[in-house]
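Below is one structure; the comments refer to it alone.
To keep things simple, chains are lettered A, B and C as they appear, and every chain counts its residues starting from 1.
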Amino acid sequence: MMKSLPITIDSVRKAYGSYVALDDVSLDIRAGEFLTLLGPSGSGKTTLLMALAGFVRPDRGKLLLGDRDITRLAPNKRDIGIVFQNYALFPHMNVLANVEYPLALRKTPKAEARRRALDALARVKLDGLAERDIAALSGGQRQRVALARAIVFEPRVMLMDEPLSALDKNLRETMQYEIRRLHDDLGITTIYVTHDQREALIMSDRVAVMNSGRIQQIDTPQQIYDRPSTRFVAEFMGEANIVGPGAARRIDGADASHETLMIRAESFHLDAKIVGRDGVALEGTLRAKAFRGENWLLTLALDGGQEILVCIPSALAGGCAELATGQRVTAYAPAAKVHPIPGAVA
Amino acid sequence: MLEAYPDNRLARILLWSFCALVLAFLMLPTLVVVPLSFSASDLLEFPPRAYSLRWYGNFFGSATWMAGLRTSLILGTLTAMVAVPLALLACISINRLGGRTALAIQGALLTPSIVPGILLAIGLFFVLAAQRLVGTLFGVLVGHVVLAIPVACIVLLPALARFDWNQVQAARSLGANWARAIGGIIVPQLQISLLSATLMAFLTSLDESVISIFVASGQNSTLPKLMFLSLRDQIDPTIAAISTLWTVIVLVAVLIVSLRQKS
Amino acid sequence: MTVLADPALAADARRERRFFLSLSLPALFIVGLAAILPILWIIRQSFLTTGGDYTVGNYEKVLSSGLTWAALVTTVELSFGTLAFCILLGTPLALALASVRPRVANLLMAFVMLPLWTSILVRTYGWLVLLRREGLINTALTGSGLTAEPLPLVYNFTGTLIGMVHYMLPLFLLPVYAAMRDIDANLVRASASMGATLAQTIRTVILPLSTGGIFSGSLIVFIYTIGFFITPAVLGGGKVNPLSIRIERTLSTFQDWGSASVLGILLLVLMALIGMMFLVARRLMARNKFGTAHA
């Protein structure tokens, strides 16, 4: 197993003219961790990745690999494995030559380079394709070659820039699993960039949500999903309802929270008994309903005028088909799924 | 484009007859030379009454013509060898720098193609005269390289703009320095464009006459300079033979490059 | 708020820029040595006597000579004559090529490209053979009885102009053809559907949309022809003397480097003047872009 290193990002700033791509970003990544940078396009996640790779020069700040300062190091001296969004495989070399390329640059003896390249190809399940031309590979196979090429020289850190965005849905799910397995086998510190929140939740040890050049929240997938610290994180991670103070009442009649609350659409039930007495209730008029296969999506207009989304699993939605728009409906959510967002205004 | 006017037959016939005449005008001088080069007589009769290869014999048998051919081929090769690498590096620089600096460099490199040849020729003549280099191969070479650089740049700049620069980043991340990234990743993938640039640079030198006329002399006279001198003096059918050979060679070269481009 | 950049990182950024800049230095050096320096040298030489002393005598001598002004006129006549014929012959050809299927157009373009790939000396020689007194064209003319006497087609202005038009036509045609090829065929259909005749469509849709190409083509013709040397030297037969020929003669025959340099500078000035004219014309054209559509 390779020795992996922690990464320290210390107040890194990058501006292009008046546009601030990275706004004093600080982040510690533990050795061997799988961390995902999640955010919409333009949030700065790729810029941060490219700064680590050495292709974007920060205006100031420090980047450390272990205790080594790499801020000013040339990209070719950083020993970081990178998987690019479009794979960036060399079309004038075959699969084996692509994977041997970093070893050739390190003057690895021919026989050893061959052995290690074939090893890496076997790890990504590409045995037998070593002599293929890049042009003759499918998208998924290219992805695997790019992975093999990035791990073959045993880098201590791996960066991946939306590596699965070009693949179709099924292949993407297979590759998510395989990339994670590869990470677990090698124990290599990995930073993964994506704009797909599901992908981030599935794959990561921790997720850092970015927006406008800043890290909004960094936490485990579950914390990020259930306990978002900002409205942006709450909404970016899935169907979230942000309701103002007073909109929700406690089922047991106790004083309702005076904070702004986040309740995910799928946290609701139509049956108060499931929720428990410390849960909350929201009452409104049914505006629309849609059957989505695994669940029903109801749109309720609260009395204050705000609309909320209520998602009821099909298995528990016996009465949903009979609901008519215009009808009064009450949705209940258990206390554990009601999360106050400090400072947010509904 | 004009299919919206299917009924306008008269206009169509007029337009195409006019075009046929213009195309004939374009082709005529190149084609007329070919039969003359095989004529047996030293009068430029058309069509020739008898055929022979004597003018080809004349050309290959003449020490002067052969020296000119040799000089031209050496110059063309050297020009391409010097101009294309310089142009490639400059184009990478232009592509990576961007902005005003890139525009300024591009502008500077394209000047030789805008300045009238006669001015470059006499200016270069003055400069070389001051260094006592008139008549040397070096003098002509410098002149040809400076004309070939813009030609090569025009081929290479768009090719580099189309190039996937992620590949260079990938190579860098895998441990390649700039020199290895250029030599191992950019050059092999620009093969076709570099080949056309080389051919264009070679042809630019081969075809160049004005600088040669002023700067080359004696043993280092190029083929175009000798042809020019001979045309000014008398109409020697040997030139028809040279012209035919020349056109055939250039056409073959262009065909090879354009076929490779397609495959 | 001003954000201070790390000076070391800023220095790295500058170093990287310098590295990329340095890649173009060899090419820039050659251009400086073999294009910029020679032009500067011509300027210097124009102020020197044969002995190497400073003088303005070269200017007095050249500018007071009638030959100089005649050469200027000839240069302009040749340039604009060539341009006129290129527009006249090239525009319809480009229109025809742009209106056929790409396959056919590419085939016909080969006819246009062939002369482009042929050496200028080969082409000049071809014209000499064709246009001579005993040449192909005169033989055909007298043989068919169209003319009693052979026409003086070469070793004069006519021959020079023919040679120059032939040289420039492909270079003019390429940008015009490209511009016309880019016109959306639906625009022509739209124009026809609104009742425009073919002539009206050409005048109000096709030509206005290809002015950019015609403009570039004209600029190319002008840049090349202003200093043309080979064609007037061979096909002019000593009777056609634009500035380029005068420069050569002053230099080779009279060994008068100073006067040749002054003539060279005149050529540069003429170039700058006509170049400015082109710029003004383009600006005027851009201003009239949204003019009326009266055909």
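Going forward, a residue touches a chain if its C-beta (ideal position, glycine included) is under 8 Å from a C-beta of that chain, and two chains touch if they have at least 3 such contacts.
All values reported here derive from a predicted model rather than from experimental measurement.
Asks: Using only Cα atoms to place each chain's centre, name the chain farthest from chain B.
Replies: A
Asks: Going by C-alpha centres, which chain is most central here?
Replies: B
Asks: Roughly how many whole angstrom separate the Cα centroids of chain A and chain C?
Replies: Chain centroid spacing, chain A to chain C, equals 59 Å.
Asks: Report the inter-chain centroid distance for chain A and chain B in whole angstrom, where each centroid is the mean of the CA atoms.
Replies: 55
Asks: I'd like to verify one number: the distance from the centre of chain B to the centre of chain C, where each centre is the average of its C-alpha atoms, in whole angstrom.
Replies: 17
Asks: Counting only residues that touch at least two other chains, what does the list for chain C look like?
Replies: Residue numbers touching two or more other chains: none in chain C.
Asks: Note which residues of chain A are touching chain C in the complex, please.
Replies: So the residues of chain A touching chain C come out as 13, 15, 57-61, 71-72.
Asks: Looking at the complex, which residues from chain C come into contact with chain B?
Replies: The touching residues are 17, 19-24, 26-28, 30-31, 33-42, 45, 89-90, 92-93, 95-99, 108, 111-115, 117-130, 132, 134-136, 139, 166, 169-170, 180, 183, 185, 188-189, 191-193, 198, 201, 206, 223, 226-230, 233-234, 244, 247-248, 251, 257, 260-261, 264, 267-268, 271.
Asks: Contact residues on chain C for chain A in the complex?
Replies: Residues of chain C touching chain A: 3-6, 8-10, 12-13, 16.
Asks: Could you list, by residue number, the parts of chain B that touch chain C in their complex?
Replies: 1-5, 8, 11, 15-16, 18-19, 22-23, 25-33, 36, 43-44, 46, 82, 86-87, 89-90, 92-94, 96-97, 101, 105, 108-109, 111-112, 114-120, 122-127, 130, 142-143, 145-146, 149, 178, 203, 206-207, 209-210, 213-214, 224, 227-228, 231-232, 235, 239-240, 242-243, 246-247, 250-251, 254
Asks: Where on chain B is chain A touching in the complex?
Replies: Listed in rising order, the residues are 164, 166-167, 169-177, 180, 184-185, 188-189, 191.
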